[in-house]
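Below are two complexes that have chain A in common, paired first with chain B and then with chain C.
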Partner chain A sequence: MNGAGDPLRPFAASSATPWDHAAATHLLRRAGFRPTMQEIERAVGAGVDATVDRLVDGEPEARRASELDALGDGIARRGELDRLRAWWLQRMRYTTRPLHARLALFWHGHFATSDRKVKSPTLMLAQLRTIEAHARGPFGAMLRAMSRDPAMIVWLDGDENVRGRPNENYARELFELFTLGVGHYSERDVHETARAFTGWHQRRGTFAFRPRSHDGGDKTIFGETGPFDGDDAVRLALAQPAASRFLAAKLLREFVTPTPNEVLVTALAQVLWESDFDVGATLRRLLKSTAMFDPAHRRTRIPSPVEFVVGVARSLEIRTRGPVLARAIARMGQRLFEPPSVEGWPGHRHWLDSTTMLVRLNAAVAATAPGSADRLARRYALRNSAAARRFATTIALDGAPSTALAERLHALDGTPSAVLASALRIALTAPEYQLA
Partner chain B sequence: MTLTRRDFLTRSLAGSTILATGATLPGFLAHTARASAGFGPGRERILVVVEMNGGNDGLNTVIPFRADDYYRARPTIALPRPDVLTLDDHLALHPAMRAFARLHERGWLAVCENVGYPNPDRSHFRSMDIWQSASPCPEESRTGWLGRAVDRSERVDTPLALHLDGTALPAALRTTTRAVPSIEAIDAFRLDGDADAIERAASADRADASADLQFVQRTAVSSCRQARRLAALGVDPDAAARYPAHGLANRLAQIARLIGAEFGPRVYYTSMGGFDTHARQLATHASLLTELAESIGAFFADLEARRLHERVVVMTFSEFGRRVDENGSQGTDHGAAAPMFVAGPGVRGGIVGGVPDLADLGRGDLKHHVDFRSVYASVLDDWLGIPSRAILGASFPGLPILRS
Partner chain C sequence: MLGTLARAATVALVTVATALPAAAEGDPPRAASFLPANVSVAIGLRDGDRHVGAFRALLEELGFEKSDAHRAFFRTPQILGARIGLGLLAASAGTDEWGAIAAAAGRDVAIGIRWEQRARVIAVLVPRDATTVELLLEGVTRFAGATPDGTVAGTDDRPIAITSVRGRAFVATCAGVILVATDRESLADAIAAGLGRAPSFSGSAAHDTVENTVPTDAAAWAWADVATLRTRLERAGRWPTRIPQPLAAFIAGGWWHHLSSTDRVIAWALPTAPRRLTVEARVDGDAMPSSHEGFVAPASPDWSAREIPGYVGEVSVTRDWATLLSNRETLLDRAGAGTLAKFLTNAGNFLGDVDLVDDVLPHVRGTTRVVAAEQTFEATPTPALPAFALVTPLADGDGRLARQLEKAAQIAFTFINYQAMQQKRPTFMMDTGRYRDHRVLSTFFDETPATPPIRFNFRPAVARIADHYVIATSRELLEHVADRVLDATRTPAPSPPPDRLAIIGAPVARLLRLNREQLVTNRMLDEGVDRRRAARTVDGSIALLDFLGGARLAATTGDRGTRLAFTIDLTAPPQTPTPPSSGSAR
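Moving on, here comes the complex of A and B:
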């Protein structure tokens, strides 16, 4: 598909949709977290292509994030799930690779494995590392790795899956939740695929293939017959037309719009299919596309608590202890390493009700304490109240406050840092701020 | 008649001023006002679920004190006949449960005996998942029984259920369409900012506001009102004095405050752990049951003082009971059927489900005579007025434990 109708044709700035602070903020927010003013300025200067390439390829990791990374194994070994959660959040807070962090979060929700059953922070961490290693790579390789992931094996009863008594748990989720969606496979496909995975066990936290538990006989999966194993099942699933559409729709909901239309899904499915499910290449194309910057798609997504809290901390350059972040996020309804079910977190509007909203408002109030405004005013040399107001609206309201907010912002007076504190509070507690 | 402060607050929120101007209000705001009118005091019944995590020893909780088999099976940990708190001719409460005995005297305690499910699983995780999903095959059920009630609820801006505990969201509250809030303490709901200013900014009409923005506006307005209701209620030192110093008591005290503030949820969920009594269980189990009984007793005393008790029922459950025979460490191993308690002025007091039959065991464990989903069905149908069939996927016969 090409030409004017192709929603994935490269974005070209125009007077209607310029490449400006708002567009750059939109991109950085969707392909990462809420950006700092410095990140916005840098992206505006570098242009769409260079910014997307930098996001997809990643820059050298920040020292603080690397140092943190090394601490994970010790925390997991001591079985401290709460601290491991805080540790992951701090890596998101300080990383110079925000898109990679968002992808890890995305896949954690996709392969939704919970420590409630796995009961091993070490295995949960190992799964996260596997996710991170494959997050931008070919989806097939990621599925093959996840099929061998010990936490996943515990989570979906792989150890119970033996010749003669196949356990269908993993096979069913592989099709329903990981690759195809309901309605694109038969009960027989599930049963035969469970047989293909027999003997794919874990032993003391390491993948262990048990030849004697494996059913080496012929299976018929999606109409093909052979002595298939798990890797064959993955290959056969991805060959189904539903697979590319399923993943395309999910990527679009995460990065472009909660309600992607047919044309968009079909176009992105095509890119996935032609790239052999190369997630990095597909995202590069998507993030540079016209659809990505369509004004109708902006501010249409309610970010998850993790995105919200990490985004506030990053954009306002706030340093907070990891457990504080984790607690606020739990109160908003999200606990990393403990998604509510195999389906992951429901997302978008489901995040918000009057109580979780209250917690978000409190986080906004805490983040806009005078101290943080003081630091920002000095760091960005905001010399008068107009500059402070402009800073707040650019960073928090895409430069376009609604009339109601604009009036309140305009009425503010005082020192630049006092104006900035009040302006940020008005912006961060406004309903608009909940839409990214 | 004088207005209590609560009445006043509720009237000023749900009362005539805002509803009368419905025609001129922005659509989203009128919607909020209507929603709040739906749950004024005295209108909605509330269920508080207390999870007893670890597998409570049912036989030492509700004791078949006439059965010699009981004393033979438990030479070192049976509760002596003279000490137990008699419920009827056959069954008695653990001596530590005096607060429950008082509920029983008032007809506020329904004991459902011999509750379980077919082919009992003795793994904590799997059995808990069975109880919480209320599906015979938990792998097939990704939602919890209460979560499905949340999913089916038409509530838009206030949550139907709330988890108040220090633990992860229980499987019972797993949903597919709504996030159930999970807090460790009530102060999560104190609004630190200026509620009036935030509400004014949220409710101001926006030209061309998208449906999503209107949704967020509506939710923010509800948040501010909720926070104000809670703040206006304040801390009542008399209420605090009604509770003993137990963790569960502390959580129930907070739930009572939320109920008093008409916070919105119809289902509250909390838990206490430690019931996995494999060794030297006498002292441990006595202190666990003291905490359970005293906390729930204090909860109803507090609710009664607030004149809210008639709207509230408490239900307890555990993932399984324990083996009839004690083990070699003066404890008990994982078992099967066990009693559940349903308490409150709304219950029909007494015992249903019969006396545990220690002569008819399955693999050394009590067999179940009442499916736990029958208890759930009763609570859903007869108390909450939520059709249980849709939630449980089948019709389970209810029990005569609630005054409908």
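Moving on, here comes the complex of A and C:
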């Protein structure tokens, strides 16, 4: 399907939906974090295709992010989980590969594993590394890697899964949460799949297959019978029609709209199926599509606390203190490496309540305190109030503030940096800013 | 603070340039005579220019300008910019930047602060080298934006001109003295005091006390009207009658009583040796009430911890703990008493039928010390910490208490092991042995990983050594302490001050170097700076410690007052860091 009714047909700029600052900001925000003005200008100049290719393929990593990356093992080895959170957030803040960072965050929620049970920052970091390595690749390879991931094995009691006494925890979540969703598998499929994973253990933080614990007998999964092991179970799960639809819906909710319709899900499922579940290729198609830039999909998604805080820091080019970021994000309801359950964070509307909204507003006010925009005003040579107002509305409100906001912004006066700080404060605390 | 001083100095220079009169004949006036009598804080600096010169010579002698510390903190773009500006200014006056600083420090400086609606500051400078100061000011006036702001009455009906620097500082000269104030009224008051038309601080009883207390060779002195400051803070609800945290209350409660009842504090600084500066302070207050008697206790005869290999520092306090604990309801507020009650309950769980307050503390008389020393490891934990030893005198003739305390320690170690097992962490093995004929209970890990976590810094050991009880985080430190205690028992040293704190720079620097990578990491994450900048700050801070020969605080609390003495020794850093000399860890 590639005709006029195909929601995934390539985006073509028109007078109704131009490729402008607002469209570029929307793409960069959805496929990463809130962008800087420099990133917006660059995207506008490069066009949709080049920008999406750059996002998907990634640029050489910034020196700062590479320096940070090298610190992870030491932090984890010392067992400093809070600092590991700060480390991950600082990497997101300074990376030149924002889509890769967003994908890692997305899969962390998908394969929700908590240190509350794993009790090993080293294993949590190893899982994150695994996620990062497979984030844009074939989904099947990621599933096979996660089935061997020591943190996952501890989390879902893989060490207790032995021949004759299969533990069904991982098998159940493999189908319910990772590949198919409820209603697309039977209890027998779960039981037989658990047998396939018997003996898939971890020892001292490394995957260890124990042949004596493995049940090598025939199993019947989704109607097929054979002496299946874990990899076979993954292959059989992905062969189910529900798998591509399950993953397509999840990707759409993350990157396009919180309420994808059937047409959209079916179209993206088809792309996934045809690409053998290649996430990078699927995202490339999705991010270049008409659906991506549909005005009805813009500003419909409530960003997670991590997206919100990292986005504010990146777009305002603020030097960030990792522990401060981590604490603010935790108060907003998201503790990295400690998702609330195997289902991860519910997301979207669940992110906001009267308490977390207040924390978001406080963070926005703190980020735009008087004097905070001096550097930004100098960097972008904002010489008058009008330029400062224009800058603030472009990076924070897609250049289109509501009438009421526009009036408030217009009333601001003072030095360019003071106007910029005030305008950003008004913008960041506005209801429309809370939607990505 | 530095910015304020820099602005004040600039303003002072501006004033002299615009209105420096001919040098007065005879003895120069005293700076303190220009402070109004009603200042709440007065600070004096004597012969500042000479001390600046001596300080410069000391920095050269120590090689400070070639150090990482200098590179980290004095070669930043901001500091370099300021130094270039100062250098140009100094060159225009025919001197260098140090000469300019010395000229501004002058012969005699006094600073007074009055608290009304806000702090009002008056600075008085009596220059020695008026010509250099005048030349310096010619340069400064070109940039400062100073404007005339009327006059006040001077001598012989000759008005004294006042100059305003953007309304934030007001300056004038009077009889060769430069005056700077944060408001015009204070400046007028200072001139009136200096000319004898209003009461001056130098004519007050407070100044007489300063003159009678501060040694004549002191480089600087400070006096504070604590009664007035305290009244203001009490009105604002910011002066607690009792220290809320129990440990802090038992350490500082005596000092706090004197600070809460005194009307003044006097302090002074003395360069007592070529590389040593001593700051002393005196707080005289009301006699201790009976509830506070535990704060006044004789110190134990000294045993020197300084010779312990890898000695890092120590904290020593002398208290009558039994008396203090029996008065806890008076000394602590409700929350503090509650916190202490929880601690005593927990202690009771380990001590069994022995009560800490009734059975143990009456036998603890004298100076309790916490000593820190470097330790070596089979594999260095991350972070690497020093070993600590708590050493307390224990009058325990038949050893009954020591046996009971050893049992309590065994229960505590078992409890820790239980928690560690729950968390799948390594557990302690316990062992009993003897050292110099004293029974020692020690712990060790049966297996050390290649990259041990922080808990591998702690392998506790306990023992009764002569009339002391020792709890150490490593057996080797316990043995070193035992050596010092047993040797001192044979040849006791004179009694030291009751309360002491000491730290030695070099071993601390070595410990920080061991943890450098983690410190750099933490700074990168915590401050959001890149590796180069984080490393520069960490390395600079460590290098700064290399210059710290030692820092010591000694406090003596008597019935009616507290004396404090803080001494800092500077030293040339070693060419290469040396490893600690203590034995290997068990």
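By definition in this document, the second predicted complex is superposed on the first by the 436 of 436 C-alpha atoms of A that agree within 3 Å, B and C clash if a C-alpha of one lies under 4 Å from a C-alpha of the other, contacts with A are read in each partner's own complex, and residues count from 1 in each chain.
Here is the rule we use: a contact is a pair of C-beta atoms (placed from the backbone, for glycine too) under 8 Å apart; a residue touches a chain by one contact, two chains touch by 3 or more.
In this text the structure is predicted, and so the values were computed from the model without any measurement.
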item	value
Room on chain A for both chain B and chain C (clash or fit)	clash
Chain B versus chain C as contact partner of A:Arg77, first or second or both or neither	second
Contacts of A:Arg408 with chain B and chain C, given as first, second, both or neither	first
First (chain B), second (chain C), both or neither touched by A:Met146	neither
Which of chain B and chain C A:Arg64 touches, first, second, both or neither	second
Touching partner for A:Leu361 - first (chain B), second (chain C), both, neither	first
Touched partner set for A:Ala392, first chain B, second chain C, both or neither	neither
Partner chain in contact with A:Ala267 - chain B first, chain C second, else both or neither	neither
Touched partner set for A:Thr320, first chain B, second chain C, both or neither	second
In the superposition, chain B vs chain C on chain A residues touched	B
Partner chain(s) touched by A:Pro340 [first = chain B, second = chain C, both, neither]	first
Shared contact residues on chain A - chain B and chain C	119
Chain C residues touching chain A - in the complex, by the definition given at the top	382-383, 423-424, 451, 453-454, 517-518, 521-522, 524-531
Residues of chain B touching chain A in the complex	125, 139, 142-143, 157-159, 162, 168-169, 171, 174-184, 188-193, 198, 201-202, 204-207, 210, 212-213, 215-217, 219-220, 222-223, 225-227, 264
Chain A residues touching chain B - in the complex, by the definition given at the top	116-117, 119, 157, 169, 299-300, 302, 327, 330-335, 338, 340-343, 345-346, 349-359, 361-362, 364-366, 402-405, 408, 425-426, 429-432, 434-435
Residues of chain A touching chain C in the complex	63-64, 67-68, 71, 74-75, 77-79, 83, 86-87, 90, 93, 119, 319-323
